[in-house]
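Can you read through this structure? Questions will come right after.
Chains: A, B, C, D, E, F, G and H, in written order; residue numbering restarts at 1 for each.
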Amino acid sequence: MSELLDMLARVQSGDITISEAAAALGEREVDLGFAHIDTEREARRGLPEVIFGPGKAPTQMVAIAQALLDAGQNVFATRISEPQLAALQAAFDDVVHHKDAKAITIDRFPRREAEGAVVVVCAGTSDLPVAAEAALAAERMGARVECICDVGVAGLHRLMGHLDTLRASRAIVVVAGMEGALPSVVAGLVQRPIVAVPTSVGYGTGLNGMAAMLTMLNSCVPGITVVNIDNGFGAGVAAGMINRRDDTA
Amino acid sequence: MSELLDMLARVQSGDITISEAAAALGEREVDLGFAHIDTEREARRGLPEVIFGPGKAPTQMVAIAQALLDAGQNVFATRISEPQLAALQAAFDDVVHHKDAKAITIDRFPRREAEGAVVVVCAGTSDLPVAAEAALAAERMGARVECICDVGVAGLHRLMGHLDTLRASRAIVVVAGMEGALPSVVAGLVQRPIVAVPTSVGYGTGLNGMAAMLTMLNSCVPGITVVNIDNGFGAGVAAGMINRRDDTA
Amino acid sequence: MSELLDMLARVQSGDITISEAAAALGEREVDLGFAHIDTEREARRGLPEVIFGPGKAPTQMVAIAQALLDAGQNVFATRISEPQLAALQAAFDDVVHHKDAKAITIDRFPRREAEGAVVVVCAGTSDLPVAAEAALAAERMGARVECICDVGVAGLHRLMGHLDTLRASRAIVVVAGMEGALPSVVAGLVQRPIVAVPTSVGYGTGLNGMAAMLTMLNSCVPGITVVNIDNGFGAGVAAGMINRRDDTA
Amino acid sequence: MSELLDMLARVQSGDITISEAAAALGEREVDLGFAHIDTEREARRGLPEVIFGPGKAPTQMVAIAQALLDAGQNVFATRISEPQLAALQAAFDDVVHHKDAKAITIDRFPRREAEGAVVVVCAGTSDLPVAAEAALAAERMGARVECICDVGVAGLHRLMGHLDTLRASRAIVVVAGMEGALPSVVAGLVQRPIVAVPTSVGYGTGLNGMAAMLTMLNSCVPGITVVNIDNGFGAGVAAGMINRRDDTA
Amino acid sequence: MSELLDMLARVQSGDITISEAAAALGEREVDLGFAHIDTEREARRGLPEVIFGPGKAPTQMVAIAQALLDAGQNVFATRISEPQLAALQAAFDDVVHHKDAKAITIDRFPRREAEGAVVVVCAGTSDLPVAAEAALAAERMGARVECICDVGVAGLHRLMGHLDTLRASRAIVVVAGMEGALPSVVAGLVQRPIVAVPTSVGYGTGLNGMAAMLTMLNSCVPGITVVNIDNGFGAGVAAGMINRRDDTA
Amino acid sequence: MSELLDMLARVQSGDITISEAAAALGEREVDLGFAHIDTEREARRGLPEVIFGPGKAPTQMVAIAQALLDAGQNVFATRISEPQLAALQAAFDDVVHHKDAKAITIDRFPRREAEGAVVVVCAGTSDLPVAAEAALAAERMGARVECICDVGVAGLHRLMGHLDTLRASRAIVVVAGMEGALPSVVAGLVQRPIVAVPTSVGYGTGLNGMAAMLTMLNSCVPGITVVNIDNGFGAGVAAGMINRRDDTA
Amino acid sequence: MSELLDMLARVQSGDITISEAAAALGEREVDLGFAHIDTEREARRGLPEVIFGPGKAPTQMVAIAQALLDAGQNVFATRISEPQLAALQAAFDDVVHHKDAKAITIDRFPRREAEGAVVVVCAGTSDLPVAAEAALAAERMGARVECICDVGVAGLHRLMGHLDTLRASRAIVVVAGMEGALPSVVAGLVQRPIVAVPTSVGYGTGLNGMAAMLTMLNSCVPGITVVNIDNGFGAGVAAGMINRRDDTA
Amino acid sequence: MSELLDMLARVQSGDITISEAAAALGEREVDLGFAHIDTEREARRGLPEVIFGPGKAPTQMVAIAQALLDAGQNVFATRISEPQLAALQAAFDDVVHHKDAKAITIDRFPRREAEGAVVVVCAGTSDLPVAAEAALAAERMGARVECICDVGVAGLHRLMGHLDTLRASRAIVVVAGMEGALPSVVAGLVQRPIVAVPTSVGYGTGLNGMAAMLTMLNSCVPGITVVNIDNGFGAGVAAGMINRRDDTA
């Protein structure tokens, strides 16, 4: 944090303005908790402030959501429990419940225009909630999202029917439990960045998702990166970031 | 693999040509072991065939390198041992030894033009070989690569001096051992996709990189994805893929 | 997957027909999700399509079962929950509930004739559900199955009374929790392939079946192979495959 | 061991002869350490007495080998160190050194006629010693053995060229390190019993073969069973047992 | 098991009688499942047949208890659930419920006379069920048992008041959760064989008793041996065996 | 414990008095279970006798509390369950329920005067119970305690507003789950002893707090020490000890 | 340690003498480092002071040995390295090197008369050093010791030939690596207290002895207790304690 | 990091000076890498910049040391290898080699006056390097340090002789391997903050220090905090911080 002093010196000397300093230091935390929250933040940044449900009282959930709305930000909350959902629905008329993703959103402000394409792939029925959370997160990052979540009987064969979709994407999220080999298979088919999400689906030596995670980390196909077990949200955000083209490089 | 049958039917009926089928199925494995290897592959694909050194005899290394050269491909080999290096240098005049990355390359064919920007960040001296491997891999994926590998005394403060570099990148690789908190710090500064590489640097409860890996996987800053411990190569390839803009989405 | 191209070329040239290609590539996924499902599949292959219960909604269970029946296949579903069972029984008149194995079957089509012999051995009462699942799976693979599941008081002594049965088998499944030494004992008595199933029965350092699994993997008696903890189904299928004599070697 | 009493009673009463009792109890240990060792044992049983090298002094190795030869049995020793090899070669003229498998054999007595077919599959150069050990063990169990051990560049594509070989086998051993997904792929191609051998090849989260082992144990393709990490010998013996047809079922 | 043949030969030749053979081979399994069960077994052996409750249906519990009683043996069942208890109490009038130990006994036959002394030590209230199980098991092995189970406030100081009791014992069971250091302390005070029982009491890095177990296994005071987590029964039996003086050495 | 003899000799010779010996040996255990309990103990020592709730029956809780009160000591009980709370409130009129900390206190005797300053920092709502327990424990050790437990939205930014508070403290407790990086951040801001408390907040590879604990133990910022997962009490006591200035050094 | 005060009071009042107090508190530490060391200690206690080799400089080894001899105690040092051995042999003429056990002894003072019987059982050649250490430790505890350490070919069959020896023992040490099932087998044969020693012999999932240890801890045959991996010394001491009959119970 | 903006605003407005801002933000990183390094830093801060040896080339070590000296700071380097030591001694005349601690120091500038007292306790010879590193680090933090590192024979008894020393300390570092129970014992004797350091001394289930660490983390005596395995440096710094009295609280 010693760069602070450097910035202080440059601001003091008039070398740069405060807002230039803010820009240089990353605007990320600037708007949090301040009165003057930048209402264009989400549209510009693509990532709304997100509320992680577990461990929060329903009343806390409502208060945080209200604070965000007051600051001109849309609301996105994940891993919502039944009581949390009930409290939010009682407090706000326009709660959208994303049942599969176990999430809610409240959109009262304009959102970033959708661009690019993120594909979310998952094979098994049990992995669906994680995949849905990933899809929702990527979409709220500003991505057009397509899901290939064929349940049950089908498998690789259906994936192949979506080869064009996969190829046209900018990033792919692959969700898998059990032995977690699906990301390797997809990586073998298309040259796109793949974010792999191990799920806790399985039993015994599946070790609540650890086996799937180890498989993904040890894949001999390069180009796969991994997030925490069941962390659909993190994967969706990462894919959403990859999808965006607002860098200057 | 049931899509094979579908392809067979479409090829048989003349609906598509073999090369169209190849394109549809992913050209990745097409050129391996065949006589008609596409000599423009690397330029187009950005990822040269890569030889993983450990467990291969020096003579095997030379034979594989020769086969690649015969097929019109450049050579890129990682984690090279001393005997492997000696054998390769004895066999080929134009071996380039990337000492920091413990890798070699032999470039006899045109390579893809560099584009975009990947930044590789690492703090400690001990993490340097992993960072160097990541940088080399990303560069061979077609990325312009910049390293922020300040050894020893300095730290975050030097990182801040490179904020513009970080912001202008399309992907960032962050290499860290010990407690592995650096990716979270970088993720807090810039909104770019971050590929985190835990290293085995540390001792005791560092568990040969496991502690750093767990930290990265559990980061509360979204947008970070993780590769295997010490897997600079995998991180470089992933960052290189993110860096490329040849998708159609 | 590069063999696809080879196949494409051979089909295109008329060298082989599509069905020959399908046969060469393994007919396994061919019939899934297609309209023209081979109704003789089970009789020929010995392995009916199997539905894994956990994580599926009761309505999904019914839909998949119906799809299988429509395709002319018998139904075999494992690890069925109470609600799943109720839904299936409500939907189909001819559900057979295998209570011990926590499985159901619906048989409307001819099944492969039973051959050979698989023996399933387990010692403790708590291991019975896993053993029953193994027995059912092997039976549906086309094996004649015999169980040696003496509960409670008895032990090795009763096993010895079945020595002839063990000797006459083609494969033996041994199910054991706690320290998991039973497969070693059986392997010391008879020269037959043994598939060992560790169960999660035990406590403390039993580590939910990990101790039993490690014992089995480290047995100094060769000829023992191991499946996942509590995976009676996998063991039964493996034993059923060993039991069959339809290879040409 | 209470069956002993039963046997004792039946032998005492003349109900059965000693050799019948021996046959009933499994002839396996009968010949060990006794004077009257059955010199046809190996031919009949298919499994020669095997010496596990690690932890034995070279002189001990020679003594055990001599004892086996004196008893009319061929010698098969695995994981031989350099000093052990030297001592054995100094003591016996007819030592055959299986360099890849790190094993030796001394064959002075007739061996069981080869039958059936076991296929050993491995992809990487580093996995070769484990695969070679498996092949040698299966062969000494009486199996005809074929190896598909394409080193380096090639992969699945070469495997496909051997589909007929795989289909004609009675058992398949699949050796894999890293993420260990190869057994699942082979199991998807052919309906044969598959013995999977995880190897310690890999690094970091590969956990010396643990990641590969977990992948194999959690495979969603049934029919795969697993042995200890690097245990090529055990896999070969298991495959050799499956290959044999001397049961009466 | 090759000794069987030796025994067979000696019985056949009249060299030894069946009962001599039985004695030589260990009388332990002789009486299991046979019609002629030795009703003096418990008095002589000190260890009644024990029923482990978990995983057994109430009706199974009753059946096994009845079989034991029919064979003239007393009943001892551990880790009894509420339904199991109810079923046993309904079936037998003379069930004794050992509430602390979560066990029951039915004594209808004479028991071995108490001898020696086993002391069971535990410090915390939460460890009491495990200690009570150990005490009951040792007592049924024929030991006089004394408990030093001071709950709550007191600690080492109360233990010191029992130094004479500890010194006069033949074996000591020490039950401890959390960091599990109590066995080391007791071993430092008295020179008696100590059987240490880690309990699952604790939280976080206590790892359900693993921390306590590791402490006990790594104690620098020799003379401590360890049983499974929460395995009061096993500790009591081991202490009971040490307590007995019926060897001939 | 051989120092006992030394003490015995010095007391016997009149070299020191019993109370001097007691003082020399640490007065800590002196007052436990004796009739003559020093009623000024808490004021002098700063640490009241503490009752750990889990595993104790409500009636036991009441009895221990009564015994402490009878001995002139205040009561402090942690991790209180609902039934325990009800029993204590029924038995004592003056129970103070610290809801956040899941603790109760009964203060009937004078307490040590507050001194110094301990700061308890935590970021997330879910970590609050652990932080509250730490704060209460430190306070009862005689420390003035300040909490920086900004829930939800805010973060580092609010911490910075408390820099003066942090700087003026004698010890800081930092409570964090997930990746557990907060202690490193605080340690980078102020040169004060930091006691880090990992919490079990998180999921998947968070491993119930293990990931956070490893992060804290591997921090590259020196000056951080760690307690058990969720052990707010232990952290509060340690911070309270650091806060006190009654040593003579 | 509050009993100190009690003792202090009783010594002060003349109620007991210092030596009585010493006896009451356990004489164990009394003689260490004092001038008046009881030269009859070993004969009475049966356990000589033992020096653990690892981590000690050769000169330190010599100094400690000299101190013990000066105090009239015999020397017993375990896990001796080559340099330590050389230094001890250079310093003392009468060093006895127990090569198998990797230990040395120097006996200049009378030792306790041998009594009872401890049997040490181990199967494999690689386990021999651990077994030899156990045997030596038990012997120095005053036990007559017999070893059943048949190397190589033989196995259970040779064990059976020693059934009388096993039955006549007071305690049995069983040493085993790999899957560690030998203690269960021995426990099934004889009703004697069994101290199980897992060894680090094995590979892969043997986890350096962890698999063997888990097997032993989870044995379904009660009466087995376990010591640390490779801890032959601890097992020998425990067996030696069980073997002794100097208690008064 | 949003506080930066706040600081920027206050500096810009002249509300505070740069040095006040620096003071507010923590002066810790200010002096690193800047030209104007505060030469009084160490005297004021008590913690010299420290070089961690592992992974650094000898030439890098020399360069960093030179940079520190050029900036007017003394040098303190830990875990020095032989080549690093040689290079430093060749480069600087006044290197002080702390052999036990495997560290070096170069003192050319005035150091903070020693105050207070830190005691470092360790029992075993093998733990000495860790203890010496802790002592050196605490001393360089400005503490008077006393060591109680009685090797070999002695133990608790010698510790008791130092009770006055322990009582007069402001912080105690306790270093222990094996089962790691020493910190609990010391915590039972004196009411001082205890920093526990597990060491990797031990074998088998000691798990390279993990068992000792778990013991320390699960101690039922509050007031103990823990650092990484073998992290003497971290413990010394923590104790040094506790020892200092420059807070204003």
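We adopt the following convention: a residue touches a chain if its C-beta (ideal position, glycine included) is under 8 Å from a C-beta of that chain, and two chains touch if they have at least 3 such contacts.
These numbers come from a predicted model, not from an experiment.
The minimal number of chain-to-chain contact steps leading from chain D to chain G is 1. Farthest from chain D, judged by the mean position of CA atoms in each chain, is F.
A count of C-beta contacts for the chain pairs G-H and A-B puts A-B on top. For the pair chain B and chain C, the distance between C-alpha centroids works out to 41 Å. Touching two or more other chains at once are residues 1-2, 25-26, 29, 32-33, 156-157, 188, 204-206, 210, 213, 217-218, 228, 231 of chain E. Interface residues of chain E facing chain G in the complex, by the touch rule stated above, are 1-3, 6, 24-26, 28-29, 45-47, 50, 116-117, 137, 144, 156-157, 160-161, 163, 167-171, 188-193, 195, 213, 217-218, 222-228, 231, 233-235, 237-238, 241-243, 245, 247-249.
Residues 124-126, 151-158, 188-189, 201, 203-206 of chain A touch chain C in their complex. Residue ranges on chain G touching chain C, taken from their complex, read 178-181, 184, 202, 204-207, 210-212, 214-220.
Those residues of chain B that touch chain D in the shared complex are 1, 29, 32-33, 49, 51, 54-57, 60, 64, 67-68, 198, 200, 208-210, 213, 228-231.
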